[in-house]
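Next up, some structures in structure tokens.
Look at the two complexes coming up: chain A is in both, with chain B in one and chain C in the other.
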Partner chain A sequence: MNSKIKRWVSKNVVVIVLIILCIVFGLSNDTFLSGRNLINLTSQMSINALLAAGLTFVIILGGIDISVGSVAALAGIASAMAGLLFPDMSIATSIVILIVSGVVVGGISGAINGLMITKFRVVPMITTLAMMSIARGLSYILTGGQPVYGLHNNFAWLGAGRLIKTESMPNGIIPVITIFTFIVVFLMHTLLSKTVFGRHVYAVGSNRQVAHLSGIHVNKVVFISHVLCGITAGLGGICVASKLQNGQPAACEGYEMFAIAATVLGGTSLVGGSGSVGRAIFGCAIIAVINNGMNLMQISSYWQKVVIVAIILAAVILDMSQKKNSK
Partner chain B sequence: MGRKLFSVLVCISLTAAMLAGCGSKEEEAAPGVVTGDATETEETAAKTADDAGSESYKVGFIVGSREHVFYNLIEAAIEEKCQELGLEYIILDGQLDANVMSDEIQDLTAQNCDAIALSCNDAAGVKPAIEAASAEGIAMFTFDCTSESDAIICFAGTDNTEGGRLGAQEVLRLCKVGDKVAMIGYPTASSVLDRQTGFEEVIKAQSDIEYKFFGDYAGDANKAQQLMEDWLTQEPDLAAVFCAGDPAATGALAAIKAAGANTLVIGFDGNPEAKTAILDTEGNGKWWVSEISQNPSEIGSTITEQMHKYLTTGSVDSDFILIEPYIITIDNAAE
Partner chain C sequence: MEPILQVKNISKSFPGVEALTNISIDFYPGEVHALVGENGAGKSTLIKIISGVYIPTRGQVILNGKEMNFKNPRQALDEGISVIHQELSIANDLTVAENIFLGAEPVQKNGLLDRKTMNRDAQEVLDFMKLELKATDLARELSAAQQQMVEIAKVITKKSKIVVMDEPTSSLSEHEINALFKQIKILKEKNVAIIYITHRLKELFEICERVTVLRDGCHIKTRMVKDVTEGEIVASMVGREIGNFYNRKRHTQGKEMLRVEGLTRKKAFKDISFKAFAGEILGISGLVGAGRTEVMEAVFGETKFDEGKILIEGKEVKITSPREAIAHNIGLVTEDRRKTGLMLDAMIKENIVLPSLTKHRKKGGFLDKNWEKKVSTEYMDKLKIKAPDIYTILNTLSGGNQQKVILAKWLIAESKILILDEPTRGIDVNAKSEFYSLMNDFVKKGGCIIMVSSELPEIIGVSDRVLVMREGRISGELSREEATEQSIIQLASVHS
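After this line comes the complex of A and B, so read on.
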């Protein structure tokens, strides 16, 4: 019985930390546990969840992608520029523009990363560092440093729109961005946990040599994973552009660090071989809860920086020690 | 073999792309800018010398960052003024990095500039480089953000504290007794901290207005959106928010529209997107109603004039020139 509890705890540290944080913030602030705030939380964690969903694949492979923030910004710029071509867009048109921009820009960036890593054997850190600079640079070149603005209100539907309008909440209850993120995360989670490709990702991450010898096309798995990571980053970027109803060249700066932190918090090992998209989302939730809770409690932004990293570090240490014990 | 060929092709195309990139940059640069190309340097030097008669001075500028509209506008004014005064000039991008700026001061010194003006986002970090250049006899100037070094002959920049006060005045003009207001700032940037000081000085003296929230958006519009969303959850009737930078106003506006709130936005910077929003009275202008604008062209031309004056007469008008910010509303946004 005792060992059963221990095993459950060690598997679910991230969930337990999340619950404790919610209780602490709930006790110290009346607004925190209100329905409205909890729904806001799901939309606030969306961008990070999208970035982390694709990043999980790459990290399970034992790689890393630090270009996700810049790729997101570039995709956001591209979608805003494309959006300007349709001054009277409908909601459907705006969704097509946004998703196509995200998938195309993200997919191409991811494919370049994948190609550099598999064809030219450049280490992932260097490849994605280069992509980080190139994508950010392109965002500034394309915009001349200015935000892309003047978009139709329908452009903001995906990022800022809400469904189920009631009398007390005339703007709607459920954020569209939450539903969109849920669908993308669900697809990525299923792809990783229920398909042959997903099992190949784990196999390559655990031991490349063995995976190769057992007939897995290692390069193909690595390439596709980077493309997926680029696509989810692109989708994250178009969500930011839609949410703000404009394209900001400086958007998502440093977001790669939060996405990596969320993935690691979710128990994905940085040396590869294990991890899950679903758990990474709990990692995103922890980061979002800390940010939101501290905003509500009016804690100075300087302290926020320290507290957020301290909690992440503590959660990872706890997770590590639990895993050691359970071995 | 195939892979080798492919690698070679990629290398060639990368090199070509780099060269093309450099080439286009030179084309973009306005005539008179020294870009490091030897022949071009000589040509422009000769040209500006002709323009100015027998006496020609060489001046160097380091703008905060070419990635900001604000500095791009300052740069344009500097170029125009230098051409008007017949100064030979070099303009570099400081990338908002004290380390880069220090190196660039050395580069400009090595290129025999008579005077250098820079925008110090990190006042302490650039001080040693400023003093080293000054010791070599180069006249040192600052604009936008200054350094506490004694070597600075003249500074020209926005009166940010006054800008903050103007923001508070706009908030008071738009609010009524008992209203709750907020500010989104960026206290690690000294110029934005000054705006906060000016704003709080006025707003905290008001007993009939409640200054409820302050948040740091760290230059990230998405972060400003989240701050505003969280505040509106707690205080749906927030009357106004003073945003000490246009990205903050953009983020706040998105959150206000999504929440269906009536909070008014008072921005800071005077960038084109602010003017467009204010003029859009049926849309964004319902919330974004006022803007405190800096005057980047005035900053650029003033500092250039003072450098020219110092080099020709040995004195400046004042060692600390503040350029007044001004208010933009629907009445003057179209100008």
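After this line comes the complex of A and C, so read on.
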């Protein structure tokens, strides 16, 4: 019984930490636990949640993708440029433009990463480092370094719109971006935890040789996972563009760090083999809560970065020490 | 003559096994002292103790009359004990001179590397050995034999007093072996004591003065080579009673399941042809490095082959990946279950169903979790896997139970041909016996087993037919009546 509790705690430590953080910030600040702030939080963590959802697949494989931030920016630029072609778009058109841009740009970037890693055996760190520079560079080249302005208001519906309007909240309560993120995350979580493909991802990350000898097409699994990671990064990027109602070549700078942090905080092991999309989202929540809490406490954003990185390191050290103990 | 090195009453136990029991041997300067014995006899454990890799459980290592307590290989090296491993420890991207002086580089007064002295001294040794090598050559460009010579040059520059050579001729041609023996004679003249491990008994009579036979971790005998015959040594290497332990059953041979014709891969195996039938256990014997594992990997599609064909139930098939082999109902239990057999951090359930997931998926690619649970529980029961439940992490199971999980995995995948590579390595006696009965059950139901094993008693006790491999070729086939330790060793040993 005792060991069962221990196992549950170590598995769900991220949830417990999140609750503790909420209590701490809630006690030290009146606005933190207000409904409005909490809903804001879900919208703030959405972009990171999208990036982390796909990244989880890659990290479970024992790989890494540090290009997600740049790919997101490039997808955002692409969606904004495509949006300019439709000066008076409806909400439906805007959604199609955004999602297609995100999926295509993200998918292609991820496919290139996957191809480099599986066909040419370039290590993931170097492959995605190159992709990080290429995607960022393309974003600047395509825009000449200038933001892409002049988009229809409907373009902003996905990223900034809200549903269920009431008298006290005429702008609406639930952010569309939260719902969109929830759907994508749910699909990714299902894919990883309920399908044969998902199980193969775990198997490859757990022991590549065993997976191969069990008849699993290892390269296919790695390739598809990178494509998925690119697609969710692209979707993250179009959400940012929609939210800002413009395309920024400098968008999502450094987001890869937050996405990796969220994934690792969610218990996905950097050596591969274990992890979960659902728990990575709790990791996102922790980061969002810390940022939000520190904002409310008026701590400078420079310090926030330092704190986040310190938390990642702590999470990785914890993960490694657990791995050592189990051996 | 005084012995330079003595081991006295050495015992070494590992959790669950006693690897060496009360071994006492004297080694003399200027002599080549051969250590022979089957795989698992304790040869490598003994040299690991002499060279400071292992600390003995009991007993002493005495060097020049002084008791040594080596805590690590460095200390043994400092006392003049060098080991030339079967897997050479040459850094490919360094030059010959840099390899020779690795870890003992000469430095100038200002603390920088003294490359001039290093190259000069290295060249001196190479010339003394009458080798046509330059100190500045890159190690990568040397042949295996030349790299071995560099290892010996290392030993000479270190002025080692004792040199252990672990199967130094295993990857050399006859011509190269002669060159090696010349160098060994030079070492002898320098009064170095050489401990020489080999499977090629013929070499004893060419180069060795003394021979020690080990069996099951015990010291059987030490003799002057001039006083013994090859037959006598073979007889003391074998000679064990084989009881009922193997649950030996007589099987009825069924139809042909697998036929391999002329299978060849350069530098690994050549012209391999054999048939395996339903209802039999085909044993494959031979020394380590004879190419047995390589052939099995090729049949399973894990590695490619250059020539030859594979037929399953009489039909030629193309197998280029494990996926295709599995589709033809072949299963492979690899020789290293921790590295290539199991996901150690995953549950029994996850391991046991891995190759069968695709076959049993539901619409849309979803996992059939009910089937998973049912079939894992069923096979845990059937194979008597000892674990709390199907959610148990593999890491926490004993070796025998881990091996059963792998077997269950292939049974669930409906394998008809099972390739078992060293299936009982590192598992205890009871687990072995249980594993043999599971193999028998599988064969009785019309399955076909191909078992690679380095343990002769196991090969003889279990197999219905035995193929022996030597240096990448099949050197003979023995029926179960003909298969004895003597007849197998004869076919497996290299005589030339």
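Quick note on the criterion: the second predicted complex is superposed on the first by the 303 of 327 C-alpha atoms of A that agree within 3 Å, B and C clash if a C-alpha of one lies under 4 Å from a C-alpha of the other, contacts with A are read in each partner's own complex, and residues count from 1 in each chain.
The working rule: a residue touches a chain if its C-beta (ideal position, glycine included) is under 8 Å from a C-beta of that chain, and two chains touch if they have at least 3 such contacts.
No experiment lies behind these values; they were computed from the predicted model shown.
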Chain B versus chain C as contact partner of A:301, first or second or both or neither: first
First (chain B), second (chain C), both or neither touched by A:79: neither
First, second, both or neither for A:171, with chain B first and chain C second: first
Touched partner set for A:120, first chain B, second chain C, both or neither: first
Contacts of A:202 with chain B and chain C, given as first, second, both or neither: second
More chain A residues in contact [chain B versus chain C]: B
Which of chain B and chain C A:42 touches, first, second, both or neither: neither
First, second, both or neither for A:210, with chain B first and chain C second: second
Footprint of chain B on chain A - complex, ascending: 31, 34, 36-37, 40, 44, 47, 119-120, 140, 144-147, 149-150, 153, 156, 160-162, 170-171, 240, 243-246, 248-253, 291-292, 295-296, 298, 300-302
Interfacial residue positions of chain A with respect to chain C in the complex: 194-200, 202-203, 206-207, 209-217, 273-274, 326-327
Sites on chain B touched by chain A in the complex: 3, 6-7, 10, 66-69, 72, 187, 213-216, 218-222, 225-227, 229-231, 233-234, 246-247, 250-251, 254, 257-260, 271-273, 276-277, 283
Residue numbers on chain C that touch chain A, as the complex places them: 300, 302, 321-323, 325-327, 332, 334, 339-346, 350, 354-355, 357-358, 361, 364-367, 393, 395, 409
